[in-house]
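Here subunit A shows up in two complexes: once beside subunit B, once beside subunit C.
Moving on, here comes the complex of A and B:
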């Protein structure tokens, strides 16, 4: 009898421990959207469709990890999409027009992304500019550079040897998705298990206080801007491999979606709060909504309304569950 | 007994005939069909394609008794990544056919191959297949459509003057073909000088901004041609804003309501129009024929119409 009683008391505390996790709300919202999608569409839970969603999620997911890291720091980079596009286009030009080995071209594109991110970080730290304002301008510069280089025309003839990076599967799992998971694991390790991660949250919460504690705020900012630039380039290169062409339009859809995904996933735009994993949950919610809208044959004129309503519902659900959890824990 | 023997003999003779009829091209039957239409972007021109597709569905339902469903799924922006995502998601629903207007043949290749590998009939409208892929396609002769417009502009200008070309979405094959054919016509006339080319990405707003800027930079500009349906509408608005209706000649493209209104009001001289309703109609017809196992033509020309104040109607 006493064992039973202790089990009964232990069970709610275990559940509330899980629910108290800040990611619980967004995860439950994701789970709910997944289950509802399974119920309303017979096509949703097929292996092909899962692979379609996973492949689509991978690119926005990588961008979301990059943007989440910056947002934890209290920064935003609106030029990440165009960094991805420009790096992708330049990798394509190197491979096709300059005859550079595809793998070397990819490495050079990643280095370019890193340097462009570093440049953004340098301008933010050295000039003391607000990252949001500065990167709106830089997005124009990088986006303009794409048009100057391509004249708006896609670069075709990307070597087939790298197509598997975007189109391929390993054990039925799309390669870009595997890349995203690896990036996520590294990002989680960096943010949760290293001093740098702690410094990022400290800077995001209060940069002045962090500086007084001896944290090299500008150095961390530069590093995160550079890494975010490199991740954007990675997404751009993977997209080039997926399409088999270097499209000038690559990255255009990666401006607001990663920020929305991060916010849905509980990453605060004010800094110091959230995790890249939450961002990925948010990105997964968006990816499923985009998929189910097509499966369900929603009129294109209603798609914006429908996806907007679902996102608002998901955020509301997250907020309500947090309130419930707080009340429960008191 | 004799009657039974005759019945059996008759049945034996009829069986191969029936089997033959079952196997004959175009004889496979279903009670319902679901066809997907995936345009380049949400756009009034594609609404006309959808109207044509719905018309074909009604006709097929009336003639065959089968239920025909048309699902219209358009990218919110003219972005090949978004279009690929829509086509791949659409494949998951195992439709009886997909009609697509490709934003970029190479960029769309993987999703088209995925559809073919799952035996889903395909039709391309207003665009051409990627190199080496055998997919039936429907449309007007894009080059001829453009040449009708540029020749008309040359004629109105008397073979002399500065002109500009609006290129639409440069990665879209039909737009780039039209732009190239405009250039070819102008190159044949030494008195015509192409002083500017704009990119509007199939957006009226961008076309207006581009046209306004180009006219500012080239005060002697005498004429415009476009390579997409949104382009001439934006150019026309820019001409009105600049008050240059009497100085700049616009020969438009396609037959959107705004384009027709500009011809009526004299802002545009004329328009060389493809016929989107016909493209939607025949897209569904060719998908249905493929679904029944019938052989279909590799290319179906829906023709162009030349619209002027005289024939555009009220």
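Moving on, here comes the complex of A and C:
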């Protein structure tokens, strides 16, 4: 019996192996939306439009990677958007008002994001608070700090030497998009190939069992909160570079969109499953939908409704296809 | 005409046929024993009988009708799972009657009426709780009884399926369950009873069906079969559970010394663990044995006292340090403390050997697959492949995966907390053999068990605990069961109760089959 048990069953065919992959559903949905967009609008598949989409996707994409990592752990951080905004604003103040070298300002802003994320993680682990509730409060604190520092006025005069980080292209690809891809590759290596990544999934599945196995659960939580804070700061300073001003409103759109993108991409809010790549697929779906709505000249009043309906259709498609695949894999 | 009738049921999953050509015929007024080892297909069959899964082949008839065309028929089949599945922060009464429509409490919630009716059930089942208590606050055995009571509040119920209903119960509580079962039979219900405990099978059974590897291998009347024959049918060969699995090695130096340790659920515990022995811990559910071990392991906070391992002070309150120092604790709660349900078998086992499989380039998938394949082979884990989600394996295979995962790390001290709970006889024997071998190799083994037979079979020395205090330390070979049971119940226990408990928990369970 034991030999029969360990015997591998016949390798599934390449196609069914791809279909079994949990990312298959969202990837097919992404492809479908892409193809439909190409068919219904002649302006969609142009190099200019593609670069617009890629540049827009980059910011939400980086935030989605940060939020996905926390969601895999079974946590959520609703203050990431304001951490990005606050770090961006402070980098602008350092560059413009304090005359600090722009590159050093960026590094300091990233360190600030790391520390703010770490603070969130510390409050969650040391006090045993629920991350969702805690970070709603912290979002108020960080968002308030932005207004206190800026009095609601944008900081203009960001040195032109760093504008390329947000506006520039390298090899015809927007620089922020390249940054996002690098972040994604690092995140994929971390989640797929390192013990730390395995521990993240284990903690998200069953934190008590992870502790019993000798995994330092709280240490990993702290690290991921800190990394997520740093990534948010990265998105923040890239946005400052893109706008050429440090706007107090940076980050306001980065609260719910990354969570929606991650969920569309198969990262469960309950933890333990999903991949940052799925989150990026989800973010791309949202980015294309928002783009096509603009291309079609949908009234701005209707844009929210239309994009919401298409997102719901996309996740329904994913859920249905998953059910179909599961029919034979139970 | 049988009330519940299955003919040629089959269920396929990719790579595994979980059920094939299974017939079952359950008659009202009788207890039907569903026997089989872990992974034989009992759970799959139960899922089909209760309508939570669908057969790939075959027919199912309830009261002569096809439930797939009339799903309301499934409501007459009540199922009590092995694991507790109550709502912990809801009152006893509400737990009993949920869903309200089926128990005659539809409409607005009427607490007074509900609690009055709940009291009837609590009395009938002898559950020590008030209707208004939160389930979280009542003892585990009473939760198990409450779970059975809950199934019986379903007014449409005709067939009650009990999956290992007695795993947390003492002998007198088991008697209570049996009395309730007999009441059900008298009122025209049918019982399907799943248990690995032979004395229960022969005590309450009328008919039986044996499953092995997803197929029906035998069926008939309990009166026409004896224990050895039933075990042979389940395992497909003769299983010999030897008289004892006590390590044969000489007991030598002290591995672990615990001095005056106090924590939540136990106080002032002192004992020593020596090389070459299996140290058993006996006691009732809630006596503080698990709490003591979890505190030494660092999972729970110690209030005072100290632990020395091989002459060095042991770091408390830090499970990660304990694992690094070579101590592992295998919890009795597989679901809560053992498995990572959404991860695959490979990832579940691989988690504990990441230091062996990962280098600068990350985790080496090939090396990991190799180690995991060896664990699967060594421990006879039945799975469709390494990629199968662990939650879809049978309980016994999950347990073997958890033990295999622990072994892959070469531990120095290993605590087995109820390692054979819900495990079939053959797998039990395998686990006993593993413990014996490890002890003989010099690994310190602590065995917590509520089965006196198991302790007497495996342990070299038995420490008894009663409500948080160590009450005795006995040589297993020379102490009789009565003395041990007396120590478990505390010295002020009336002799009658002691004897009643000793009656079923001593050497009644199938020591040898040839």
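The rule is short, and it goes like this: the second predicted complex is superposed on the first by the 315 of 330 C-alpha atoms of A that agree within 3 Å, B and C clash if a C-alpha of one lies under 4 Å from a C-alpha of the other, contacts with A are read in each partner's own complex, and residues count from 1 in each chain.
Convention: a contact is a pair of C-beta atoms (placed from the backbone, for glycine too) under 8 Å apart; a residue touches a chain by one contact, two chains touch by 3 or more.
Nothing here was measured: the structure is a model prediction, and the numbers come from that model.
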Would you sort A:171 into first (subunit B), second (subunit C), both or neither based on which partner it touches? neither
Classify the contacts of A:201 with the two partner chains as first (subunit B alone), second (subunit C alone), both, or neither. second
Just to be sure I read the superposition right, which of the two partners does A:273 touch: subunit B = first, subunit C = second, or both, or neither? second
Considering only touches as defined above, state whether A:193 meets subunit B (first), subunit C (second), both or neither. second
Touch check for A:215: first (subunit B), second (subunit C), both, or neither? second
Quick check on the superposed pair: does A:290 touch subunit B, subunit C, both, or neither? Answer first, second, both or neither. first
Between subunit B (first) and subunit C (second), which does A:243 come into contact with in this model arrangement: first, second, both, or neither? first
Subunit A positions touched by subunit B in one structure and by subunit C in the second: none
Would you mind writing out the residues of subunit A in touch with subunit C in their complex? 1-6, 8-9, 12, 189, 192-195, 198-199, 201-202, 205-206, 208-216, 272-273, 328-330
Within the complex, which stretch of subunit A touches subunit B? 41, 43-44, 46, 48-49, 52, 55-56, 59, 147, 151-154, 156, 163, 167, 239, 242-245, 247-250, 252-253, 290-291, 294-295, 297, 299-301, 303-304
Okay, in this complex, where on subunit C does subunit A touch? 13-15, 213, 297, 299, 319-320, 322-324, 329, 331, 336-343, 347, 350-352, 354-355, 358, 361-363, 373, 376-377, 379-385, 392
List of subunit B residues in touch with subunit A within their complex: 42, 71-82, 84-86, 88-94, 104, 106-107, 109-110, 118, 167, 169-171, 176, 199
